[in-house]
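One chain, chain A, links the two complexes that follow: it is found with chain B in the first and with chain C in the second.
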Partner chain A sequence: MKLLPWEYGIRNLARSPSRLALTVAGASLVVLLVLVAGGFIRGLAGSLRSAGEAGNVMLIGAGSEESVERSEIQPAVATIVLGSVAGIRQTLDVPHVSPEIHVQLGVERSPGAGALPASLRGYTPAAMLVHPRVRLVEGSLPRAGHNEAMVGVLAAARMGLAANDLRVGRTFYLDGRDCRVTGIFEAAGTVMESEIWMPLNDLLVLARRDTISTVIVALDSATFDDLDLLAKQRLDLELVAMREQDYYAGLSSFYRPIQAVAVITAGLIALCGLCGGLNALYAAFVTRVRELASLQTLGFSRRAIVLSLVQESTLATCAGGLLACMAGAWLLDGLAVRFSLGAFGLKIDSAVLALGLLSGLLLGVVGALPPAWRCLRTPIATALKTS
Partner chain B sequence: MNMAKKMKKIVSVASIVLATGLLVTAGCRSSTSDGQNAQADSLPQGLFVSQPPEGAVDLDDALKPGGDQVVVRARVAGRRDPFVAGRAAMVVADLKFPTCDTRPGDTCPTPWDFCCEAPAGIAEHTALVQVVGSDGKPLQTPLQRANGLAPMSVVVVKGTIVRGPDGKGAIINAEQIHVGPGGAVAVPAAKSGCSSGCEH
Partner chain C sequence: MLRPKYIPLVMRQAMRRPTRTLLTVTGVALAMFLFSSVQALQEGVRVATGAVAGETTLIVYRQNRFCPAASNLPEDYRARIERIPGVVSVTPMKVVPTNCRTSLDVVTFRGMVAEEVAPRATWDLRTGSVRDWVARKDAALISGGLARRRGLRVGDQFDAGGVRTYVAGVFESDQPQEQNAVYTHLDFLQRSTGRKLLGVVTQFSVKVADPARLDEVASRIDDEFRDDRQPTQTSSERGFIARAAADIIHLIGFMRLLGWGCLAAVLALVSNAIVLNVRDRIRDHAIMQTLGFSGSLVARVVIAEGILLGLLGGALGGGTALAIVRLGSLGLTNEGLYIPLAATPTMLLIGLIIAAGAGVLASLVPAWQAARREIPTCFRAV
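The block that comes next holds the complex of A and B.
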């Protein structure tokens, strides 16, 4: 098969700069939407699924398996675990047993400014042992009894505030009490990054609770069965043992319908983009019916002409895809999105970028075929007479 | 000649793959059956009895102060997963304590977890049944599926009871277990969730 020269397609692209710009911009928009949907799904799944540590077991209130915030257990559970289960991980004789309270409270920027929903976690120093990915990146840890807190890097976004509103040294108000931000922490993109952490006893007082939400235990030689057995031997404590990863996997599956909606929405928008692209390419090709017929009279087969047209459109859409990927990596990556459990950042990683580039490529190939076929099926004699 | 050599090579590779596959399959089978035997062997002889021990009382009555030796009638229930995966232990509940499926219109896939009841009330009507070894610790073998045990199974357990100080959290060290006919249901893969009146 005699193919049209590669330069022929490229020169054709430059024949109408405005048309080329429209095609590239259209493809960019479609690819950008694919990136948003992909980044949303990857970010949401990543923030929940990776939040749990592999060797951690949560002891929570029976019946609160779906939400640790509803769980209420006795503070003594931490001590009971230490006294009953051997083989808990230790560092310098400090056991990895972290009693915690998880609550949603209204936080005010200034007294009477209106409460904003925030996720708070009361913790003891042992929390840093069971959550090794939590890393203080600015300031210092809050001191107990001083109304101090450290905030995750996405806590402000979760509350609908600017990052500046919760920087080190700023004050927010909880139940009318002022609370100073002493530190900022990261947690490897997990949902913890949208939380505010305070010393356990301070938060118990603020939440007017005498029960905690969970005890998180890091296992060494002990097994999950040991803690499950303890939870069932002490039925009076109304406990359930859950692997931390299972808990967050459950939360992740709860948000699967939202992820499906994101995919469907992106799919529908991409379809609209494809239809728009088809229309634009059809308009672009239909004005060249005579030219395409002339090429056939010169001995080029229809297949060769289709290949050249696909080459043209693919070059344009791939350029659009590349621009969208660059914009996505620069503007969208890490962009905070709020959801009921907190906030997460859009994750434009290599897989999402690959999906974006593939979408651009498919748009070019699939988008060019129908109009090309429509133009080439006209008999050569008729096509040559077309004005 | 070359073709014959190629064929020979293909046949040899296929034979090795086939043999490895057979060995792996056989290995898996033998380990499964070993596992089943291990479970049967680990549980004491005579633990499961065909006739229910005489003098059975409801669990709620057995939880009241009294003697250490008890024969209780109960249902395997009280938690979403009433069995401990790697231990000979299971949670049982009083037969009169209503499971979620007794509520009209409820389609809860795990009615044995009492998700329709307030969590605080469940402990008063439940106990842990465990089979202990000579060291006094639960045997490291699961009770689930042993002799047909499953959530909602109705059992009669003869053993020694250790009551909690406030009447909650009793433990029964079982000597004999009779699994009653019927009542047992398959554990669905679906998550728990009451369709009506769920307390938690």
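The block that comes next holds the complex of A and C.
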């Protein structure tokens, strides 16, 4: 098959700079919206999926398998586990058993300023063993009994505050009590980054609770079945054993309807863009019916002409897609989104960028084929007579 | 204005290129569908949280708490609230959502004292009976929306969030907070969840005699418990929902941007279509002017075509959104509070006006160009 020269398509693109600019801008907008939807889904799923450690088991209250915030178990569960299950991971004789409380409380920037919803976790030093991805990046760990806390890098975003409002040395108020920020931590993009961590006993006092939410255990030679058996034998404790990864996978699937809404929205916007693109290309190609017929008389096959037209539109939409991907990687990646008991960063990773580029490519190909086919369907003699 | 006799001309102009018209109308319909959906979410928030005159219900919640799991008030607060002047009745309630997070399918258990459930005027019990509900301790009255979504009927066993209940009745209600609700016996729910303690509730619903004294009574209740182990925060029912559903309201604020984006898309699509049509019809417009059409009339025909495209797309997209929202009983739940999508015919009408307005705006420049073009120039341009 004799193909049209590559330059022919490129020169055609420059015939109407305003139309080219519109096509590139339209494709950029559509691809950008696809990137937002993709980044939202990847960010949300990633913050939950990667939050659980392989080999960690959570002991939570029966009936609270969907939401650890609802769980209330006895603080003694941690010592019961230590005394009942052998083979728990240890570091320098310190067992990896972390009793924790997860609670949603209202936090005030200043007394009487109005409480903002915040996710708090009460922890003991063992938490650093079972959550190895938590890393203090600024300041120091809070001391027990001193009304101190460390905050995740996205905690301010979760509360709708500026990052500056929760920097090291700042004070916030919990139930009227002042609490000083001593450190900032990262947790590899997991949901923990939107939390405020305080020493367990301090938070128990502030939350006025005498129960904890969960005990997280890191396994060594012990198996999940050992902890499951303990939960089933000690009916008085009303416990359920869950792999930490299963718990967060459950949360991830809980958000599936919201993720589906994001996908559908992005799809509808892309379709909207496709309709606009098809319309513009129909008009653009119809004015060239005579030119396309002339090319056929010169010996170029219809397939070669379609390829050239697809090349034109694909070049324009891919340029738009590339621009959108650059803007997305620069402006959207890591952008904090406050959402439902937490916050996460939009994740514009290689998979999302590939999806964006593919969308641009598809817009170009799918947008060009129907109008190209329509123009080439006209018999050559009729097309040559077209004004 | 355009005289009615020109309407067939406008229609014929639009139908001369059916593929392009279809593409434009489809694009506008998609954009208006999204715009109307965002409007329905905003309307839902307004209905659920907006202040209304004559409101007489207060919600007493644990101070500085948002999640029902964290609001634990002693049931004996009831007697102290009842003694406050202006209070007509106090209803304790234990609220247990299957998940405090935001999603589309959350079940909210509401535990109430049996005698206080029966006289609820906002219900229309469709199947089952309240007598059966009173007779069984694990019985539940569930909302029609939830029953349809989960395929539940009277006599079924229903398990959610670790609470297993027997469906004794299915009710319908127009109250947003009852759309996803499962009403159980208070003591049953207290024994089934959390620390399984009797005597602890999530909130009190307080009826006040005089709407004008709502704020005064709320302050008195909070003063009463200020120094207690569990201080309270009392607000109007709608104010309480607005505070507790802050995450959804934040999300909807973000969605508003999407709504504006959709309007921009409508503008771009209609504008694109009209610009292309006007360029294709330079000769037609010259002939029309030769036949005696004034420049202004040609411009009005072009604008009318823009309005037609906007209206067709608006009706299709807005109508589909209205139908889906109405038939689908959709809504978001956060912290156990339900914010339904609310779509009304008025909203469809507003959508149509906006779509028509976008049509006018999009066709102004091409119409102006078509009107100003000289006849010889038009013929030379072809």
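General remarks:
Methods note: the second predicted complex is superposed on the first by the 387 of 387 C-alpha atoms of A that agree within 3 Å, B and C clash if a C-alpha of one lies under 4 Å from a C-alpha of the other, contacts with A are read in each partner's own complex, and residues count from 1 in each chain.
We adopt the following convention: a contact is a pair of C-beta atoms (placed from the backbone, for glycine too) under 8 Å apart; a residue touches a chain by one contact, two chains touch by 3 or more.
Note that this is a predicted model, so its numbers are computed, not measured.
In the three-chain model built by superposing on chain A, chain B clashes with chain C. In the superposition on chain A, A:234 makes contact with chain B only, not with chain C.
Looking at the shared chain after the overlay, A:265 reaches chain C, while chain B stays out of its contact range.
Taking chain A as the reference, the larger set of touched residues comes from C, when chain B and chain C are compared. Using the contact criterion defined above for the overlaid structures, shared-chain residue A:141 touches neither chain B nor chain C, since it reaches no partner. In the superposition on chain A, contact of A:339 is made with chain C only, not with chain B.
Within the superposed three-chain model, A:225 lies in touch with chain B and out of touch with chain C [touch as defined at top]. Contact with both chain B and chain C is seen for A:64 once the two complexes are overlaid on the shared chain.
Once the two complexes are laid over each other on the shared chain, residue contacts for A:249 go to neither chain B nor chain C.
With both structures placed on the common chain, the touch criterion links A:380 to neither chain B nor chain C. With the complexes overlaid on chain A C-alpha atoms, the stretch of chain C that clashes with chain B is 164-172, out of 56-64, 164-172, 272-280 or 326-334. Chain A residues 61-65, 70, 238 lie at the interface with chain B in one structure and with chain C in the other. Every residue of chain C that touches chain A in the complex is listed here, in rising order: 19-20, 23-24, 26-27, 30-31, 33-34, 63-67, 69-70, 96-105, 161-163, 192-196, 229-230, 246-247, 250-251, 258, 261-262, 265, 268-269, 272-273, 276, 279-280, 334, 382.
Against chain A, in their complex, chain B makes its touches with residues 78-80, 84-87, 89, 91, 113, 115, 119-120, 122-123, 126-128, 130, 138, 140, 164, 166, 168-171, 191-192, 199-200. Contact residues of chain A toward chain C in the complex are 22, 26, 33, 61-67, 69-70, 72, 103-106, 108, 115, 117, 160, 174-175, 207-208, 211, 238, 251, 254-255, 257-258, 261, 265, 268-269, 271-273, 275-276, 278-280, 282-283, 338-341, 374, 387. Chain A meets chain B in the complex at residues 61-65, 70, 223-225, 228-229, 232-238, 240, 250.
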